[in-house]
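In the part that follows, the structures are each spelled out as structure tokens.
Next, two complexes with chain A in common: one pairs it with chain B, the other with chain C.
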Partner chain A sequence: MTGAMDKNRYLPLFLVTPALLVVVGLFMYPLGYSAISSFQDKSGAWTFANFEKAFDLYSLDIGFTVLIVVLSTVAIGVLACATGGYLTLGENPRAVAVLKWLYRWPLFIPFIVAGQLMRTFLAKNGMLNNILVSIGLLEPLQATSLLDWRGIVITFVWKQTPFVALLVAGAMASLDRSTIEAARNLGAGRVRILIQIIIPQVRQTLLVGLILSFVTMMSVLSVPLMINAETPTMMTVDMAFRINSYGDYGVANALGFISYLMAGSVAWFYLSQGVRKGERP
Partner chain B sequence: MNDVARLTLLDRVEISAAWLLGIIWLMPLLYAFWAGFHPPEYATRLDLLAPLTLENFAEAWSQAPFARFYLNTFILVTSILIVQFILCTLAAYAFARFEFWGKDVAFVLVLVQLMIMPEVLIVENYSTMSSLNLVDTIAGIGLPYMASAFGIFLLRQTFKTIPKELEDAARIEGCSVLQILWKVYVPLARPTYLAYGLVSVSYHWNNFLWPLIITNSVETRPLTVGLAIFGAPESGVDWSVISAATLLAVAPLLVAFLLFQRQFVQSFMQAGIK
Partner chain C sequence: MPGESLEIRDLVVGYGSDAPVLNGLSVNVQPGEIVALLGASGCGKTTLLRALAGFARVRSGQILVSGRDTIDLAPDKRNMAMVFQSYALWPHMTAAQNIAYGLKIRGIRQAEVNRRVEAVLAMVKLEGLGGRPVDNLSGGQRQRVALGRALAVDPQILLLDEPMSNLDARVRFEVRHEIKALQKKLRITTILVTHDREEAMTLADRILILEGGQVVQAGTPEEVYDQPNSPFVASFMGADNVMPVELRPEEGAIRVLGTDCIEETVLPLGDFAGDRPANPAEDGGGSFIVHFRSDAATIGNGDAPPQDTLTLRGRVTQCSYPGGTYRHAIDVGGQRLIVDDPQHYAVGDVVGIRLPKASLYFFPVNAS
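Let's turn to the complex of A and B:
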């Protein structure tokens, strides 16, 4: 009997250990080590020099990264809610079916491919400007390249919106329709129903999708590298540059530390929301 | 009276707007198809009478070892997925169904991993792989991703929804823990496995920064890294060939999406991520 109880006591540890070994060995250890290394110089002495150098050289890029990712996250949230809302509240089954079929496609396009596509699509002499010129919406001399912060935001939004929209639309589809129908019967419009009834109920799902998108965008190298690798650019480009060009792991670690502080603060926000509501994450 | 005749003007406007929005949304992808299937002189010029060609695909295929890149990518995503399924299933079951010492701390570790992408740890992971002699190997690309926090989290949520009575019944029938997992939990969580599997394959097919850092030979490079080197401005390759190469890289994912999109979307809806 005691033997069986001991077995049961150790069983969950056996089940969880393989995954935890990978998490601790290849995530927590490097996370802690890189955090410590970012506060050390090459001789191992404690210093803030890596952070001072990182801020001296890349403060503009750090601000640029925050701006790009926040802007993209907001745009993704708005578009995902609009898409999910239309799929839930749309009264025209054909239009709903068309949108449902088309919006998901970028989901499986790799970031590098999205960057590649946008680099040729948004260039000054790219297809977008050529189409706008050919239909008379733009004079040839007015054509400008969108391969700057706008290109990065467009690419992030294009790539990530379907993922969040898919989560949000799923959550919206599983809502109790009676409150929506009741609001409709009372004369509420679709936009009002979406904002006041539906979005509050799918808030948690929306938050998860946006946080995962935020963290993903923070770590993408290919898009800023292909669309706008010149200053100001994103921190991932700077990290790759410090390692590849100078073997400067200290500053690269400091930039990494700053980026996971940003991601961590977003995660803390999500968890604190759950705690405030008395839920276990 | 047929359906078309019953459509009001507002219906037609709404359907047209949906098509227009959808096509604008797909424009970059449509552009890749356009440039890939037309001669280079039409790459940025929309001419509906432009001749179709497969030359760009032949050119792209001859200029880079795409067959090798495909094979590397296939081995990479499959091995990661298999190990993730095993590790995540075991851990998720423990988190969903057992009380044990350190459970909350262990789960917080998993949640922290969920919020920080492994890409920011490239420096330390590189030195770990180097000390394990795994630099420039497919195992070295995949190892940091073998225990997915997202997978553990998603499966734990699903396992928690499965009635405990089913497990008790299986136990009375004499099933061991692994048999209970295999015969009760895994089949009932099939939609979640499918949703997670597609997300994992898509993510690792797409992954770029870590494979770029850890690989330096054709024998190990996945498609994304091969494509970036192939499409670099200094390589002098024209846009049509780059577009063709881009389509070659993304074609298997698009085909998989076309084949499984209904199951994928339903799986995500049933998985109920919160």
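Let's turn to the complex of A and C:
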């Protein structure tokens, strides 16, 4: 009897072991290893040299990365709320149906394809400028390439807005509809209802979506490589460069650790918000 | 300030391409009057309220507020304040912020908003609770916030959508009287939607009974209670015991034909509970159903029945004590009737149900 109970006690541990091994072996170990080795030189001695070098060479890129990702996150937030808001409050059923069908498409397109797509769309003689010239909004000589920081932001926003909009629209759809009607009944217009009634109620979902997007954008290599590989560029490009050109894992790991701190800081911000309000994060 | 009049003319409302929920409904509400729309689920009462507020698309008809048609106005332009069944309070705001919202939309300056919010909080008996998030209030307090929020904007018409259905019985009783007192004080024309008969009777000046999107009877609480014009209204107003009977007209009287469970009785005409049969000869006698309330009947066991009383015989199948009297379920020829009596009768007892003439509502079978 006792033997059977002992067996039962170890069964859950046995069942969880494969998943645990995968997490530890493929995630925790590489992460810990790269974090530790960012504080070591090639001989294994403890040092801050990798960080000093990273800041000396790439402080402009670190700032550029923060700026791009923050700007994109804000734009994604605004567009996701507008999309979700129209899906919730739109009064033209046909327009709502078309938007509902269309807005999710970029979700299914990988970043690298999005980057390639934007190269042809945003180039000096790309599709966007051609359209603007053909409808007379732009003279051919005024056409400039948008394949710089603007291109990265546009690609990130295009790719990530559907993801956040999907989460936010779902949360908006599950709100008690009468809270929206009550505001309408008291004289509020639709924009006011979106800003004052709906968004505050889906704030937690919006924050989760934006943080996940922030972290995703921090880690994308293909888009800055394809759209803007010049200086300044994003930290992921620098990391790839340090490894591919110099085999310099120390500085690459230091840059990775700095990225991790940035991503970690937004996660900390989110968690602290949840804890302060006494809510489940 | 006296309220506005409300006139609904030939209103047709439906969802999508389905058959209309309201089909040609017409109602007049006098300024300052409180009218209850009473009906079972799905009868169209909430649809009517939503059409008034602008949330349900009207196919045709008119909604006139003091003579002005509001049918083409957006919901936010109608100045009809609605209290929702779920209260629909905004959980990210305090009680005071909920109440202040409509005032801020109207561009009223902050000092005046604060003054009015305090006045409303006092009016709905929530002094000192304005700073609380609405999630930290009890059901009754939330209901008061919802009412205060609607009243704060000084609406032309107040729409109440089953406002007390989520409250427990004791709080409901209290809030019911408070709403009545407030409405009488403010004289706001009010439409109340409910499926609770007692709520409608207590609050309303006039009751409209809805069935299948049509008003089947309208009148004061006394009129619809004492003189239901159809079996549906009789059942809805509590006379929900039903027994089929055969009537034969006689000179100045009607004869209720005897069966295994009905004692043959001659009842003089006049003084029946409803207006039927004023003269069953006009209906030519025949098959009728009789409705009566459980508290209007008594149980007799062997003693001679009083005069002008119809007696049914049956067997007690269930007995409970809801308080004051015993409630008996009695099987009478396959019909299950509920009768309240101060005396307890055991399950299996064969008893006589005494129905005084004045408690009987007769309807010809084709009326049901």
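Simple rule for what comes next: the second predicted complex is superposed on the first by the 261 of 281 C-alpha atoms of A that agree within 3 Å, B and C clash if a C-alpha of one lies under 4 Å from a C-alpha of the other, contacts with A are read in each partner's own complex, and residues count from 1 in each chain.
We adopt the following convention: contacts are C-beta pairs under 8 Å (C-beta built on N, C-alpha and C of every residue); 3 or more make two chains touch, one makes a residue touch a chain.
Remember, it's a predicted structure, so these values are computed and weren't measured experimentally.
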Chain C versus chain B on the shared chain A, clash or fit after superposition: fit
Which superposed partner A:Ser34 touches (first chain B, second chain C, both, neither): first
First (chain B), second (chain C), both or neither touched by A:Gln142: neither
Partner chain in contact with A:Ala267 - chain B first, chain C second, else both or neither: first
Degrees between the directions from chain A toward chain B and toward chain C, using C-alpha centres, nearest 10: 80
Which of chain B and chain C A:Pro200 touches, first, second, both or neither: second
Which superposed partner A:Ser59 touches (first chain B, second chain C, both, neither): neither
Which of chain B and chain C A:Gly189 touches, first, second, both or neither: second
Partner chain(s) touched by A:Glu181 [first = chain B, second = chain C, both, neither]: second
Chain C versus chain B, contacts on chain A by residue: B
Smallest separation of CA atoms, chain C relative to chain B, angstrom: 11
Shared chain A surface residues [contacts with chain B and with chain C]: none
Chain C residues within the chain A interface of the complex: 53-55, 75-82, 84-86, 88-92, 101-102, 105-106, 149-150, 153
Complex contact set, residues of chain A against chain C: 176, 178-179, 181-189, 192, 196-197, 200-201, 203
Contact footprint of chain B on chain A as seen in their complex: 9, 11-13, 15-16, 18-31, 33-34, 37, 90, 92, 94-96, 98-99, 101-114, 116-118, 120-121, 125-128, 130-131, 134, 158, 166-167, 169-171, 173-174, 204-205, 208-209, 211-212, 215-216, 218-222, 226, 236, 239-240, 243, 249, 252-253, 256, 259-260, 263-264, 266-267, 270-271, 281
Parts of chain B lying in touch with chain A, wherever the complex brings them together: 11, 14-15, 17-19, 21-23, 25-29, 31-32, 34-35, 43-46, 86-88, 90-91, 93-95, 98-101, 103, 106-107, 109-125, 128, 143-144, 146-147, 149-150, 152, 177, 202, 205-206, 208-209, 212-213, 224, 227-228, 231, 239, 242-243, 246, 249-250, 253-254, 256-257, 261, 265, 268-269, 271-274
